[in-house]
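Order as written gives the chain letters A, B, C and D; numbering starts at 1 within each chain.
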């Protein structure tokens, strides 16, 4: 009994710490995005709140939390209220499964990868439901686009991850990292470069980021699925989007870049290499956003079905074949 | 088209699954470039029908012009296409000069040409910025604004205003360039071409940009003429019609430039034409600057140009008898401006901008008609959007390069 | 240029009233048979590009030498021979209509709508003759010379008045 | 070759390189407004209206010729005057400019025969009420005092004597004018 309570307390404390760290990351990701894009565009970026604008995310959060929550006339209220939370919970829970370090993973379950995939598909429900419940034509179109996009990119992403699973022989994320460490190249990026490529593109599409931000394309659908949201609920959609980015990047680090291992050991900071890799992938997200134009709806689907899925399948077969031989 | 209310009624009555999906885009929308309203009938994301509705920015420039004198009417022209107001000023001034039979000094012509081409660069940069932003490339937007700012600063030095210049006036221009401005312009013409490569690196061969622009809104040449498209939109379809070449005005007869044309008449070709025009405009400015020293010291306003404060009426003084003290003029009215009509067209950055003015002899125009390119281009939107998607509609609005102040007048 | 005008004068002697030589050659035409003339110009003579179509109100114009109140002015351009031609049709106030050229030029669509909007000249054969720039329920035609420039309060736009009433009381 | 270029996303990588280069090496072109640098507009910038204060009398130079009222395209200037019975000279009683109607064309400063009205280079001005931007004579003179304190004397607005207009067409007072 005592052991169980100990374990429970440990889990709760770890969960809270992890949540706070993740939330901080998410908050400062928005800041980093604004600042990096600003520098790429030769602007200054946020610099009014705090030194170099470092308190900007907190100010934004406070502002959004204290604003009036407007519920437009004619919305489907229960769904309208609950949709942002579906998004956030589904996007955020994935953090618990990521092995940050050899000895730190919140829940080390055997079907970790599958669970994350399931969650990320579920988070699309938030988008679809909000689009449906808003009773606005722009939001409706945004929701439609989101559902189509998720369906097609989910497959490519799963196929890309499947080759990793084949290589590692496990769905457990911890095992995948350990398998990578034992593999000849130390990371799966080198043998699975194609899968990595497919995975990153699908992850960008999964998170609705440029160049695949069609559900919220602001120049076409104003803000897409969350056009009718305001205040806290709006903020939660934002949080969900950035949480999704963090989880997807962490997954990429875990499955392709070898998790916590690095060329040399950094004393006292066991997460060092994990975080460096994570930040690099997050930077790529932002970098791509600053550079590329947006795809059209049907072209996006074409890319997903006609390019990424065949490539991923070929890659999967090759992996299986090599695995069989070796 | 039925009005919005009628359609709503229809929706209620009809069976649910047969109802078309109507989308009311604008007048408040991030990418309709102003207060343009588009009433769309959709099938999925494909546009079946599109009805542009304009008039939200209608200020009655034509009616106002009938109640102001010729010089004051120039001020109105600034507010038409507020991105390239120097070009509008020139169109008005040309029509009025033709009406009054004024000959503009050569230096003024060169200055006007420079200012018009600067307006073209300003306009095309703003077009590229918004067009790229519409399609999603947000960095091009800020690079373009960075360079446009430089030009606006030069404008500020030339005439004291950044957007609504009122620089060109009947019979010439407001004031001469100083040496400082000429030096700055030389510097600009040298540094500008490499910057065009920056934009092109980001979008010119980018596969997403190509996919979004190639084969979108194809207008065959015959249709382009029939629709009344002008400027880069017409040239993108392969017709090298340019007022600067066909009916040269100002100093365009003496400068050397190429009229770029496209082949397929799609959005990409129109984009290429405009990018090429940026380079041509740069070279025209350079040529005019080189010619400026030849005309050093010339006045920049015609000798017989009307005063700003045009008299309401001029009385012909009678030679005899000597007028009494206090009564200066006696006799019949002389027309301030010869009665008649004049038509002048210029190649404004957006297309052909023509002014038709009828005079009755007083200091105010009897009828001031402005044919603005945006008005005609908006009327072509239903043709161009047929069977395209919503995302393409955004690209089409961008490629037409419309300004609602220009179309609504 | 001369040849063209002479040929037109000969062929359409019943339509063309007068040929004036202003800044551009100007043909003053009758309303009957105008469509034939403009179709001939477009299809045979290569005037493919309609630059402008506008109305002019000549109410109380000093030194007017014709009776009709309105004029519709066309500016046609030949892209090959670079000739600009101006056509004018005079329209009386009581019988205020004209033939539409929208079947020939799609660009004339909105020009004619605008002309109707501003002067009240109806275009027969136009598929969709509604107001363009002014609201649909606007009264009067603003560019007519007898349209008041300064409005009294009771002459305010009806919809605006209703709007004010709704939000005041 | 082309297929390889396409597969390796060469053109996209070029674009990414450009943005990365800008991020690492280019300096921001925007400035921190009001904190660090305050952009000075070019001489002759058409900003806030003012009436030039005559240093001898302390009053405006305006002689109420009504030229600015007639030339204003937006009819935003209102001048009232009374005639002195002895000297037969006009004296300004009211000089009002509605800055909300003004289109900043600068015609008034150009036609003024005595260079009394001016659009100063003062561009940062706000009003919290509509009345704040309705300038009467006192406010306009105050505007001038505020503006001239930031300027080098003598001050000469380029639009009082536009360089385009030949000297012989200018009124005598304007021709000899060398600045306030």
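We take it that a contact is a pair of C-beta atoms (placed from the backbone, for glycine too) under 8 Å apart; a residue touches a chain by one contact, two chains touch by 3 or more.
Every value quoted in this text rests on a predicted model; they were computed, and no experiment measured them.
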Q) Which chains make contact with subunit A and with subunit D at once? A) B
Q. When the C-alpha atoms of subunit C and subunit D are each averaged to a single point, how far apart are the two points in Å?
A. 41
(Q) I'd like to verify one number: the distance from the centre of subunit A to the centre of subunit B, where each centre is the average of its C-alpha atoms, in whole angstrom. (A) 46
Q | Inter-chain centre distance, subunit B versus subunit D - centres from mean C-alpha coordinates, in Å | A | 25
Q: For subunit A and subunit C, let me know how many angstrom lie between their CA-based centres, rounded off.
A: 61
(Q) By the touch rule stated above, which residues of subunit C touch at least two different other chains? (A) none
Q | Where subunit B touches two or more other chains, by residue | A | 139, 146, 202-203, 206
Q: Any chance you could list the residues of subunit D touching two or more other chains?
A: 12, 15, 18-19, 29
Q: Could you draw the chains as nodes, link the ones that touch, and say if you get a line, ring, star, complete or other?
A: other
Q. Could you list each pair of chains that touch, in label order?
A. A-B, A-D, B-C, B-D
Q | Partner subunit B, residues of subunit A touching it in the complex | A | 37, 40-43, 137-138, 141, 210-211, 213-214, 217-222, 289-299
Q) What does subunit B use to touch subunit A in their complex? A) 21-24, 29-31, 45, 132-139, 142-143, 146, 202-203, 206, 208-209, 211-212, 389-392, 394
(Q) Can you tell me which positions in subunit D touch subunit B when the two form their complex? (A) 6, 9, 11-12, 14-15, 18-19, 29, 41-42, 44-46, 67, 70-71, 73-74, 103-107, 110-111, 119, 158-159, 162-166
Q. Which part of subunit B faces subunit C closely enough to touch in the complex?
A. 1, 3, 54-55, 58, 60, 62-63, 67, 98, 225-228, 239, 241, 246-247, 339-343, 345, 352, 354, 356, 358, 360-361, 366-367, 369, 371, 375-376, 378-380, 383, 408-409
Q: Going by the contact rule at the top, pick out the subunit B residues touching subunit D in the complex.
A: 68, 71-72, 75-76, 78-79, 108, 139, 146, 149, 153, 156-157, 159-161, 164, 166, 172-176, 178, 198, 201-203, 205-207, 299-301, 303, 308-309
